[in-house]
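Common to both upcoming complexes is chain A, partnered first by chain B, then by chain C.
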Partner chain A sequence: MSRLVNLAIVVGGAALLAGMMLTNPDYNSVVRPFVTKVSAGDTGETRMFAGRFEAWRTADRVSFDSLGTSVTRDTEGVFLIVDLELSGTIRSTMVDTIWEGASKRRYASTKRVANVPRQVDQLWLQPGLSSTTFTVFELPPDEIEGGAAGGDYEL
Partner chain B sequence: MPLLRRLWLRLFATVGLVAAVMLSWWWKVDAARAPDLVAGTSFGQPIDLGRTFFTPEALLLRQSEPPELVLSATIENVTGETQRSFFGMPANPPQIILDGAPLAEEPEIILLRDNAPLLQLQPRMPEEIQMVWPLPADWQPKPVQIAFEKQTFKLRDNLYGQSSWLGYTPVAQMTVTPEVE
Partner chain C sequence: MKRIAKPLALLAVTLLCLGLTVLLVGWSDIQELRRAKNWQVTEFPDPKGELAGVTVSVDQARAMIVPGKTDRAVVYLRLGLSGEAMADWGWCNVSLTDPKGREWFPLFNEVGNTAIELLGDGGNSGQSCDSSLRSPPEDGGPSFSDQAFLVPVDMLDKLRVELSGVNTRPKAVSLPFKPVLRLPPG
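Right after this comes the complex of A and B.
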């Protein structure tokens, strides 16, 4: 009888541990950010900033003035330019933007277009003040349809 | 009865010990028998470096001051996100080996499209790049060995269970004489 009880304890313990091991969330899902999803045109508010997707357009070539010189950038894919309205919520922050493509790949805003006034990587968001800004992504054309813009609090 | 039991336990332990010794000895023999040969590669063949597929195209000697070794290549990000560390973190770009000694200098990586340093690689967007190594002033063209290492990806690592890029293993090497530009 006591042998049976011992066996039951061991089996029960093993089952419990296995269950804990299998249901334990992995590190990536434990430390991931809180995500707020909204449809285009609505204002999404997160803990550190709020934002609205205003408009988008594509271009094969982008020209801009950087530090006094005119720079032209071309691409194998397309440039996706997204207009955003952003504001801080509890304190001044900066925001990193990403485009989650149709294939769920994450495209960071391109560093090939930089130092342009009003571009999002230049912008300090202040609480209560909304700023119109834009961000530029470089991606294959088929990643645009079904994709989504996102922002990540930076500082 | 206790005697038999003790004998049995000792026998069991001895067999285990002998098995462990034999196994480690056999591993040593096996390692010595088949030395790790890194596969050779040639221009135009893509090499899997983990985060990127790297296709070397040409090796040139640019006779500037100081002379420079220029490796033209196509590089494609095969991960699901934009990469800033295309050769891993810490960076482990293809290694140039001159007369058996690895070149210590870090290469400059130029995005040919912009003629500017490569800052990011977007997924599914292969780019043509040039990697530029400075050479000693009196260097003359001779066969150069290029070694490529692949970084290992683990979806759940043993420490935190997070996805990690871990160590490097040699995957390919090639020996070429640079063409004088």
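Right after this comes the complex of A and C.
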């Protein structure tokens, strides 16, 4: 009887440890963002900020002033410009954006359009204050319909 | 009874070992979590307090409503730190907090620099809280630093400034302040 109890304890312990090992989240799972998906015109809230997807438009070429210089960018795909209204909730936060295309591929905002006033990477969101901003993606044209914008934060 | 006692003892030892393993593996994470946030905040009734051998004070507090955006204001604070133990703080963490636990960090951009220039009255120390820890005046007086924040206007009379150092956390100090409202230039 006591052997059976001892065996049960060992088996139970092994099962417990195996369960812990199997369910231990890897590094990527720990640091990945908690995603809130928002359709165009809707508002969403995450732990650190709230956002409204105001509008979007596309362009084959974009021109902008950056640090006092006029810059023009062309693309082999299409530029997608997304207008957002963002506000901080609990803590001052900087925000980065991604576009999840129709194929579920995730696109970071383009670094070819940078240092433009009101662009999302210039924002320093503050609790209780909202800001209108925009972000620009460079994508294949077929990734726009059915896609969604997402926000990620950094401190 | 005796036959049951031994397996129970083994079970207890197993659980103890499990607990020790979790503690050992998670020790660095527990320490990191402990130092990641101001868990023990001492609230002082006046704009002067003490933390880990360093006297902290709000020397100047001014605010200005942002022209064209009347829902927000920039707040300028000149903080003074003094004491032998300043170097022991490590890095400095400054934020404004409200009764709901929301937290505003200093502006490290052009808006912040402009706010410090406009509201500092030319008496700016030209240094952040971190650099003020490392350059105490030789006369033993307070080492000053300047910081600017962007906050909602309706929060101006409800904010406190919270300070801690990497090596003081989880302990932090919280001081009240009443900013003097200034008109925008022009």
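The rule we apply is simple: the second predicted complex is superposed on the first by the 122 of 155 C-alpha atoms of A that agree within 3 Å, B and C clash if a C-alpha of one lies under 4 Å from a C-alpha of the other, contacts with A are read in each partner's own complex, and residues count from 1 in each chain.
In this section, a contact is a pair of C-beta atoms (placed from the backbone, for glycine too) under 8 Å apart; a residue touches a chain by one contact, two chains touch by 3 or more.
Computed from a predicted structure; not experimentally measured.
Student: State whether A:D74 touches chain B only (first), chain C only (second), both chains, or neither.
Tutor: first
Student: Which of the two partners, first being chain B and second being chain C, lies in contact with A:N28: first, second, both, or neither?
Tutor: Only chain B is touched by A:N28; chain C is not.
Student: For A:E145, using the defined touch cut-off, is the partner it touches chain B, chain C, both, or neither? Pick first, second, both or neither.
Tutor: neither
Student: Figure out whether A:R105 sits in contact with chain B (first) or chain C (second), or with both, or with neither.
Tutor: Only chain B is touched by A:R105; chain C is not.
Student: Identify the partner contact of A:G128: answer first if only chain B is touched, second if only chain C is, both if each is, neither if none is.
Tutor: second
Student: By residue count, which of the two partners contacts chain A more extensively, chain B or chain C?
Tutor: Chain A has more residues touched by B than by the other partner.
Student: For A:G13, select first, second, both or neither according to whether it touches chain B, chain C, the two together, or no partner.
Tutor: It touches chain C, and chain B stays clear.
Student: Give every residue of chain A touching chain B within the complex, in rising order.
Tutor: Listed in rising order, the residues are 24, 26-28, 31, 73-77, 98, 101, 103-108, 110-112, 138-140, 143.
Student: Which of the residues in chain A come into contact with chain C in the complex?
Tutor: Listed in rising order, the residues are 1-2, 5-6, 9, 13, 16, 89-92, 122, 124, 126-129.
Student: Residue numbers of chain C touching chain A in their complex, please.
Tutor: 3-4, 6-7, 10-11, 14, 18, 71-72, 95, 98, 101-105, 107-109, 149-152, 155
Student: Within their complex, state which residues of chain B touch chain A.
Tutor: Residues in contact with chain A: 80-82, 111, 113-114, 116, 119-120, 122-127, 156, 160-163.
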